[in-house]
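Same chain, two partners: chain A is paired with chain B first, then with chain C.
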Partner chain A sequence: MTAARVVVGAAVAAVLAYPLAASPYYATHMLMFFGYAIIVLGLNLLFGYTGLLSFGHSLFVALGAYAAAFLTSHFGVRSMELILVVAAVAGAAVAAPVGALCVRYARIYFAMLTLAFAMLFHSFLMKFYHVTGGDEGMRVLRPSLLGWDLAAVPKIQFLTVHYYYYASAVLLIAAVVMWRIVGSPFGLCLRSIRENPEKAASLGVSVARHRWAAFVISAAYAAVGGALLAPTTGQVDPSLAYWTHSGNMVFMTLLGGFSHFFGPALGALVFIHLQDQVMSLIPYWRLVFGAILAAIVIFAPGGLMSFVARSPGSAT
Partner chain B sequence: MSRDAAIVEAVGIRKLYGDVCALDGVSLAVREGEFVSVIGPNGAGKTTLINVLAGLLRPNAGTVRFKGRDIGGIGPVRLARLGMARSFQLVSIFPALTVLEMVQVAIVARLRRGRRLFAALAADREVREQALEVLALFGLADRAELPSRHLAQGDKKLLDVASAFALRPEVILLDEPTSGVSTRDKTAVMETLVAASKRIGIRAIIQVEHDMDIVFGYSDRIVALHQGRVLADAPPEVIRADEAVVAAVIGRPPEWRPT
Partner chain C sequence: MVADATNILLSGVFHAAILFLVAAGLQVVFGVQRIFNLACGSFYALGAYFGVSCVRWALDAGLPPGLFILPLIAGGLALAVVGPVVERLLRFVYDRDEAFQLLLTFAVVLMLEDVTRLVWGTSPVSTGGLYLIYGNVRLLGAQVPVYNLLVIGASLAIAVLIGFVLTRTRFGRIIRATAENREMSEAVGVDMRRVYTRVFTLGTVLGTLGGALVIPSTAAMSEMGVELIVEAFAVVVIGGLGSMRGAAAGALTVGVLRAIAIATYPELEMLLIYLIVIAVLVFRPRGLFGEAAA
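For the complex of A and B:
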């Protein structure tokens, strides 16, 4: 376990030192990583720990990102902390009824139902032009961080210094909270449901209730991640809710390894940098990614994490 | 024996699957301290009866009561809370969870700690100690940290039952507790199980079992089902002497063994 702590400590130090060494271009890639790492931490509570594959997490990511856009553009809210809280609450509030419907099903039915809800939200964002800006989306104005108004700071500096450290701290907090959740009695119940829901129920675990709670927490994480991504691009649009975006998150989770706590975050890190590299080389990046996904599923179902770690922090 | 003493009581149970009548007016009462076996050929309705008693299926007619409460179709979670637990015919475990974790699930559920989101399970001594106690009763304590899937087949069966015992039930339903266990290990499994029931203070055991040596060796009473009806409900020695039951349900004298 101490070896694992050293690795985690080294990773945190590397993240903190990164903007000092890397170009601003790569430092902003890390902002994407912070957002997606939070999203897939949440997604994996549902997938890796509870055994439910959501193909609709783009809904909650978009919800969080649009919350940031609405609050900054329409309501004059600039506090990033308030934005994150509103995003989490909105994500959970939408997930509560959606989850109540979806968790009655498992496997492919659950995946398809979540996908359907995400596409419903995508249509809403497209059609309600006067509210959401339709396919043009909405602007996200620069937020204040911890009450610190940074409007006068040059954009690159804001993103690679202030926002970089802010977002990395949010990820750290989100990861610590998730670590506690998966190590709790609640987390054990989720894993028992993943392994054998019929047996879990016979031992007195309320399967539907636990699945629902995991869904709501997972959605809140996705919304927080989405809100954190929004100021990086300064723009949100309906493609955030599109199903291929959910597919990317599932890809990240599989790439890194869903049976390990840190697997999905590793997957997000590799995905973001690989996508950038492959896209600059050939236009058919999805083709390359499809081949990678197939190779992982066939040759390394444990994902990249299976090459890095054997068991510490294992979800199983 | 008075009716009041029955802990589990089924009266006139009828269960239909479409046009097929799986149970047709089955009545059964299980009293304090009894070990009751349900036997019958395939398709006699044994599994349906277990599922009705386990609150999974609501009968089309008749009532099933546990401690005087109607439990028809109330579901496994509420039944577990009322004090009735079950094991499954096919080994039912959490393969990737450790042996200790598997039993902890039942204890977390019993102590109603499943909603604790941020408490550290590893620091919960009460849950851990109770789990280890149960594992010790089943001789599995030395393999507590082993992933359940790595246990031998007979031990998987024991773990399945142990997790149900960890609920500290008053009544336990065992659906073929020795199926899939080698003939040599069957008696050992049953001995462990009966000893553990006494230690935990289980008030009654109801089992479905095919192995007639086990059935006749451990039961206080045997209920023979045939085509959805109760053919006989009597102590083992009476069943053994009943030629009609032996012919219809057992198919051969219970002492008979292949050479």
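For the complex of A and C:
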């Protein structure tokens, strides 16, 4: 336990010191990491803890990102805190009915139904051009952080200093909250559902209601992560909702290790940096990543975490 | 009015004929192996690219342009060799959770998408003007490319052939028995490894043939695989997972409705299809012809 605390403390310190040592280019990669880490923390509440594979989380990521775009460019809302809250509420509000339909099924049918909803949203974003900007997407204006208007700050400085620490703090809060969730009796119920839904039900756990709650929380996380990603690129487009984007997020989760609390975040970190490295060498990153994914699925389904740690924070 | 309706209907049926082939490949693999093969869209893309290459080689070798359909079909059939390779990869995860099987096929999707980029480049490739080489015919006032009718006919013939194989041959009986009860057919002496390899290869060929046949009417792009898989997915959900009749009914539904939507309310295009998919999954998860949902 203490060793794990040392590792987590060292990781937090490394993240905080990173922009001082690394070039702005790599620091902006970390912004992608903060967003995706939050998303896969939520995704893994469904997959690793509850045993439901969503192939449609791109829906909620896009929802959060478009919420940021709408609020900043159409409604003049610049407060990032407000944007994050609206994204979380929107994600949960959409997930409530969608989840109620999806959690009636498990296994392959759950994956397919979530995929169908994500593609529904994708074609809405593509086709309702006058609302969403179609395939060109929308611009995301620079938000204010904690009421601090940073419009005058140069872009690189804004991203690698102000927004960097802001986003890392959001990730930290999201991780702590998720840690409490999975450690609570509620989290234990989710794990019992994953292991054996029939037995969990016979012990008095309401399987459908717990799955639904996990789905809604998970969607809110995805939306917050999506909203956090939006100002980094300053642009959102429908590819955020496309099914392959969901696939990549499941990939991250599996790469790091779905049976460990920190696994998915590690997977996001490795995915983002490795993708950048591979793309700088050859344009065919999918070929390399497909081979990596196949190797993980076949030989190391526990992901990178299975090589590193076992006990603390383990989801099993 | 009649001419417009005929046009829309026949372009929908043409699309349905292609969709049926890919979806049938998805169905036969799911029915027997219980794997939802995301890579069947990639087989379709592979078939399209390779079909273009085959036609170009044949024309360069002096084949009369009117016979271009022969190298096209040969190319689609030749890609059967991809089937056993991918199946060998999947063999590692037959006894694992469905989530891992799905992810492994996703890995194949990623790899094959870049294989097409690597081999054929990033710009679209096409067979040029061969599409209209057989001319048009007038049907109820509508101008219909003869090639479309050929593809519809070919797809129908393949559907009949699949039906014949499944119901009248030994191989078909084994497939149906395995889909029904895997342990039992293994117990009576069916070599499951060989059945799986053959079934997966059949699924692959249906996909590559679909891609090869569609390509004269459009251009091959590296994203066509991931785009088609969601349509094929809609087809099998509407028709019912694992059912061949379902693949045919689903393909017609998706193909024709999409053609109508494009002609009347273009905004609706795929939106309408996904709404139907969700409605089917919610109200009748086994689809129109499927078995009971898990």
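Simple rule for what comes next: the second predicted complex is superposed on the first by the 316 of 316 C-alpha atoms of A that agree within 3 Å, B and C clash if a C-alpha of one lies under 4 Å from a C-alpha of the other, contacts with A are read in each partner's own complex, and residues count from 1 in each chain.
Here is the rule we go by: a residue touches a chain if its C-beta (ideal position, glycine included) is under 8 Å from a C-beta of that chain, and two chains touch if they have at least 3 such contacts.
Keep in mind the model is a prediction, meaning the values are calculated, not measured.
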First (chain B), second (chain C), both or neither touched by A:189: first
Comparing the two partners chain B and chain C, which touches a greater set of residues in chain A: C
Partner chain(s) touched by A:112 [first = chain B, second = chain C, both, neither]: second
A:75 touches, of chain B and chain C: first, second, both or neither? neither
Chain B versus chain C as contact partner of A:254, first or second or both or neither: second
Chain B versus chain C as contact partner of A:181, first or second or both or neither: first
Touching partner for A:294 - first (chain B), second (chain C), both, neither: second
Touched partner set for A:199, first chain B, second chain C, both or neither: first
Touching both chain B and chain C, residues of chain A: none
Residues of chain C touching chain A in the complex: 36, 89, 92-93, 96, 98-100, 102-104, 106-115, 117-118, 226, 230, 233-234, 237, 266-271, 274-275, 277-278, 281-282, 285, 293-294
Residues on chain A engaged by chain C in the complex (per definition of touch): 47, 53, 55, 101, 104-109, 111-113, 115-117, 119-120, 123-124, 127-128, 242-244, 247, 250-251, 254, 283-287, 289-291, 293-294, 297-298, 301
Residue ranges of chain A in contact with chain B within the complex: 177, 180-181, 183-189, 191-192, 195-196, 198-207, 210, 213, 316
Sites on chain B touched by chain A in the complex: 54, 75-77, 80-81, 85-86, 88, 92-97, 101-102, 104-106, 108-110, 113-122, 124, 127, 147, 160, 163-164, 166-167
